[in-house]
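Multiple structures follow.
Look for chain A in each of the two complexes below; its partner is chain B in the first and chain C in the second.
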Partner chain A sequence: MTAAATPAASPATTGEQPGVRLARSRRNAELSLLLLAMVLVAAYGATVEATMLDTVTPDFWIPAAALGAVFLGLHLVIRFLAPFADPALLPAVALLNGLGVGFLRRLDLSDAVPAEREGLAVFAGTGGRQLAWTLVSVILAAGLLVILRDHRSVSRYAYTLGLAGIVLVMIPAVLPSRFSEINGAKLWIKFGDTFSIQPGEFAKLALLVFFAYYLVRKREVLSLASRRFLGIDFPRGRDLGPVVVVWLISLLVLVFEKDLGTSLLYFGMFVVTLYIATERVSWLIIGLVLFFGGAYLAYILGDLVGGPFANFYLRAEIWLDPFADPHNDGYQLVQGLLALGTGGLFGAGPGGGQPGLLPEVQNDFIFAGLGEEIGLFGLSALLVIYLLIVERGLRAALAVRDSFGKLVAGGLAFTLGLQVFVIVGGISKLIPLTGQTTPFLSAGGSSLMANWLLIAVLLRVSDGAHRPVTGGGGTARPSGGPPEQLHGAPTEVIRP
Partner chain B sequence: MPELVITVARFGFLILLWIFVFTVVGVIRRDLFAGARSGRLVAAPRTLGAVAGQAAKPAKVKRGRAAHQLVVTAGQLAGTRITLGEAQITIGRAEDSTLVITDDYASARHARLVPRDGQWFVEDLGSTNGTYLDRAKVTGPTPVPLGVPIRIGRTSLELRP
Partner chain C sequence: MNAPLRRAGVVVIVLFGLLFANLNWIQAYKADEYRNSDYNGRVQVAEYERKRGNIEAGGTALATSKDTGGKLRFLRTYPAGAEYAHALGYKPVNLAETGIERVEDEFLAGTSDQLIGDRIKDLFTGDQTGGGNVLLSLSKKAQDAAYNQLRNNTIGVKRGAAIAIDPRTGAIQALVSMPSFDPNPLASHDSTKAAAAYNELEQDPNGPLKNRALGEVLPPGSTFKIVVAAAALEDGVGKETKIPAGPSYTAPTSGTPIRNAAASICPGDQVTLMEAVTESCNTGFAQLGVRLGADVLKEKARQFGFEQEDLTVGQLGEGGLPVAASRTGDMQNPDGGTDPAALAQSSIGQNNVRMTPLQGAMIAAAVANKDGKQMRPYLVRQLLGPDRTTSYYTAEPRELRQPISGQVAGDLRDMMVSVVENGTGRNARINGYTVGGKTGTAQSAPDRPDHGWFIGFVMDKNGTPISAVCVELEQAGPGGSAEAARIAGKIMQAVISDPGSR
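For the complex of A and B:
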């Protein structure tokens, strides 16, 4: 053990500067950022009321305070159960979520009769429902952090989760339309008229965990037993089979459910996880070629045969020239572009716009609605916040030491970023518009819940990544859990 | 409400929004560009990186480049590469090793590579069949030059720039 003593000290000395720096828990920074975020949410609410009601009601702060209380609860859970988690994630997400609730409440205000505006209850309307959903989602995220003490233990349930993911994706497709169709997309499970859930949002998480686990197990085979063709290494079919099958099933079902945005999301998630696992750029090239080829083919087929591709063809046509039919097909996109244009650099001010003109402003077009009121200046701040969240996720993926954690964190962070790109690109006419929720902003409990669970997983992985090494002599593991110590014990006993 | 108050609130909100963004960036500033310093996603052993940052480039060339990768040159995993960071690399059959080798002659926790002052040291963790640096058996922490094979059972590993 004498020889082992010297090197045992060496990682501590070599890793001193970055090690000590990373090992700081930074929970106080998180708390102050969280307070700042809640001040912003309250300020937004006050500005909205000042603009719309010409007065600030005495209880304008209640939504912000309710959100603040539940975020504080999550903060405490993190402080005790994930002390080394990333300090920027929670405040950034809390701000987006809070502004989303604020904007939805602002929509309720403009929908209400002027006389009733001042007395609008906290939990009334879309904004109130979103507030309630936020409380539930954050509690769920905290619960996940409590249950899940080490992200590697998820891998035990990887196959179960994979199966659950497929089932969740398929349920709306096989259900009769009256139980599953809203606005032409069969994505839902409806319980009565008031309550419906979107299982695809949760399937995303489950499938990603399955992909990550499977690719970690097969990584060696995937990168070694490959055939070189056209200068690109292709893995053997039998190694890749199960993943491709899962992905094809989910994709087929999604095409059947007429939801292009989500299928694009799954495709991107799949390609990027594969790229992270194998470190081969060829996957990105194959993915992009397949995607553009597929999109072009769907466009041509939609023009020639219609059928299941007609929807895509229509969307592409609207994208190419939204002003061709500004009152029918292109109405939504044109209104969105006009809203963004009206907003200009600094916007009309919170509460000063006309979001009522935008179809689906509480959902897909929330970014355009917000853009009209906070302008490019505010929208770019929101985009930077999204960018920071994704960056923190990728940073956690880089810092964590096990491949499963790397794949899960990298895949989740990328999926979140891709989702923002797909919807913001869609409403700003960069890419064809596909229905997609804006993470944390859009109204909708399923999306909010799934995204908060995603953040909980990212927090857990980043905690594992920055936790100082406490295990036995030979481990480079984030935590000195029992398995490592049991593994490590025999090798140390042998040494004379 | 007077127009002035609303205007102040409007722009105050936008400014506050950006203050929040910059505060977040300030909090994570230190590791935001942590990887960029060495120009890679995973940082090289730190001291050499620091040397490279200063005007000591000729000296660095003379000393040989820093090790950035651990490459398996022989054995079942031949061709596998690990990008070296600041963390140590554990090698063995145990599932949680950094490099899990499936070699009949390797122990569960066979050896580890530890960075110290920009130099990587190999150290045997009490394996049954021993670790060899080129032909010499590794008894204590031994500095590993670039391109010299570390042999573990039937597996050979090398540090590469």
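For the complex of A and C:
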């Protein structure tokens, strides 16, 4: 599986300096990387079948080909509508998505009766559903690219999106538990037993657009008006208002949705966009102190009072010593650690592990399930691909000219990285475990759709960043002229 | 805005670096620990692909593996249920195995070095040869008798143990701890059910998971008088020598008088050693012990096997089920000075004297053997390869120690036979065989019922020992030792009726 890192290496060498914009679209590089990614996905499927069925069925390539066709469609949309977008993003995400589908199909194979394994249909089981969700998600992403020809036009809907984001966050919290609670976390809207959506995944996008818009408007006052204390510039009290509101919302999420990860994600997202907008380290310090102070307070309250804080206290206790109750409370984390440890350096090989012993292996613990089979080397390759996506997103943010684009792309890319950190750190006992999905790998339509939309936004911003200043599409501003939408691209603040 | 964006990129790299470092910690540094963790079902899953060998006794399979075709292919089953649970132990999916299942795990699983030939053969043939088979020394009839008689004891005791060994070889003929448990639910492939079954057993106040025959010690009461009598015989006291007795004895330093179980027992000033053993005369043995002294008693007990901490019961080499050390405890003042009160109590198996049922059977076995020797007890008779023809181990009885001379053994035998024929152990009599034994009633706690004990042996007409038995009934109350003697008699009868097991 170390070969999976290959797509990471080749585009990195062709990376250009921001500011020196090459009018090359590099769509052909994207296409060949995408083909390589699909070959890897097909090879993964073949290895799984060879291990689990002792034979490679003649149809082993069909899931990879189906995915390849879907991604090829998106590639064509990019080729015509976002020709200057970053060529590494789509292949990297496609590889993760493809491996996710392959691993879920592998889970279906081990769940199936041995006699029926060889005939498992392409769209059967969790893997098939994930394949279908991929199709839907990629169509959504393509649709966003079609509708959204310039990322700055999103800022028109910033307040609508902000309100929608808050509503989406709040729905699971106010719904009765039976409509919103799965495995102890109230993050869902359940429709019957089979279908549920995770509104928080979409709220992430909506809230970030709102944050970016708000901060672009307020950044001067937030970054200039300050009081110096202990050598750090602190903002004025009244400017703290929105930060405190977001902090309270994230703590409410923590308490009422019983989910530290989502709370950490929203808060981290906000603090980082605030920091990027204002360039003030004090915001980071305030943010970290508030978050860790709040989390510690919740831990203490959970110990003393219980009630809504009990869940968080329990999670922290499990994190501190999962082996204290290895059969009940600590079972999931213990089994995750044992899966990772059993995988060791090289893993048991695709299809060679026992992911059936891991609860929630198709969701939260997919990284541990994969780790048992592809080992430390394989997981490191996956981490490198995630890192590549995040850094490519940040690179688009660096290259794009308007502040709103910088904040949106930077915030989304960072949030994606933070989410990977929260869930992978959670299952590997680096931080307390929280119910986050692993982007592009975990089974589930909400997460897949939201993250593909996120990638579409990153593609759009990077296209805007690399589009030649002169000529090009009709939406590009004329050379040297004023920006078309003043509120979307305010004057840069020049600080000594 | 570009400087903080770059710094955010650095932060992400640092976060991913932490993830990478942590994965290295788990998947490289801690990998072996996690891979071999008792909670790790994965290694076992691979293990369950291969048919685990049988554990058998007397031609009956007691633990066997059934092909389920499921994710874990072979299911471990115990056809006899609870009867053999403490000898066999169990092989759970997620917990640690116990008993013979643990001791002989590698041979049963087929991963033992001894079976390397089969593994190499598998490489070429592509077959999956099963694990090896373990044949136990247990006698089915004796085990049946011990299990059923203990479980259906006539005085309603809930906890106890019985063990029978062949005095000439050390082969364990029966091993039962009461209450027992059904190992089948613990071996379930549904780990939730297995965990629930385990938790229920673990929380049971009667402690069914405890192996009382080997692992638990209790005050032995009057059975300990055999050790004191052995010391006395070696000190020059004959079996017809008169020793001081009486209805009551108060040690020089203590106001608590020692009395006999009934006023009819040795009321006179003097009684022969033979009579003292036969009637279980407390006052006689208390004074005898005080006269002999703590050092002599402790040394004699040590020679019988007390204080041994490393005895195991399995094969006659390394490994096996651990046996708790029996203890004589303090019989002296902390400064080493004599404490006659403690010594007197210890001489009748009270105070701090503690004994396992196996130790009791081993005392009886030494007495039953003409030369006064103890053989090392064992449970594994033979290891058979997967083909059931190749033998990888056959028990060759091994002398453990010689606690007493043949002369002393002969005198003790006479006295113990007298106990069964004329004294407190009449319930153990068997027609046509010579049975010897010693009962014991031990105080547990002031407000709790007494423990009942019986240690004994049976010989055929030629004086060849057949079996040495110990039965212990925890907090049995009145009649405990008589019931223990009756159960011991039934077990010995069962051994006699099962000559094939010897």
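In this text, the second predicted complex is superposed on the first by the 425 of 496 C-alpha atoms of A that agree within 3 Å, B and C clash if a C-alpha of one lies under 4 Å from a C-alpha of the other, contacts with A are read in each partner's own complex, and residues count from 1 in each chain.
As a working rule, a contact is a pair of C-beta atoms (placed from the backbone, for glycine too) under 8 Å apart; a residue touches a chain by one contact, two chains touch by 3 or more.
Here the structure is a predicted model, which means the values were calculated and not measured.
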Just checking: does A:P199 make contact with chain B only, chain C only, both, or neither of them? Give me first, second, both or neither.
neither
What is the contact status of A:G98 with respect to chain B (first) and chain C (second): first, second, both, or neither?
neither
Does chain B (first) or chain C (second) touch A:L357, or do both, or does neither?
second
Can A:G425 be said to touch chain B (first), chain C (second), both, or neither?
second
Once chain A of both complexes is superposed, is A:P172 in touch with chain B (first), chain C (second), both, or neither?
neither
Taking the superposition on A as described, I'd like to know which of chain B and chain C A:Y275 touches: first, second, both or neither.
second
If you stack the two complexes on chain A, which partner ends up touching A:G375: first (chain B), second (chain C), both, or neither?
both
Should A:E391 be classified as contacting the first partner (chain B), the second (chain C), both, or neither?
both
Any idea whether chain B or chain C touches more of chain A?
B
So which positions on chain A get touched by both chain B and chain C?
18, 279, 375, 391, 398, 492
Where on chain C does chain A make contact in their complex?
1-6, 8-9, 11-13, 15-16, 18-20, 22-24, 26-28, 30-35, 37, 39-43, 45, 69, 71, 94, 191, 195
Going by the contact rule set out above, which residues of chain A touch chain C in the complex?
18, 110, 114, 272, 275-277, 279, 323, 326-328, 334-335, 337-345, 353-354, 356-357, 371-372, 375-376, 379-380, 383, 386-387, 390-391, 394, 397-398, 403, 406-407, 410, 413-414, 417-418, 420-421, 424-425, 428-430, 492
Taking the touch rule as given, give the residues of chain A at its contact with chain B in the complex, in rising order.
3-4, 6-7, 10-11, 13-15, 17-19, 21-22, 26, 29, 33, 36-37, 39-40, 43-44, 46-47, 50-51, 54-56, 86-88, 91-92, 95, 220, 223-224, 279, 346-347, 349-350, 352, 374-375, 377-378, 381-382, 384-385, 388, 391-392, 395, 398, 401-402, 473-477, 483-484, 487-488, 490-495
Which positions of chain B touch chain A when the two form their complex?
1, 5-7, 9-14, 16-21, 23-25, 27-28, 30-32, 34-35, 41-43, 45-46, 77-81, 86-90, 92, 94, 96, 98, 107-110, 112, 114-117, 121, 123, 125-128, 139-141
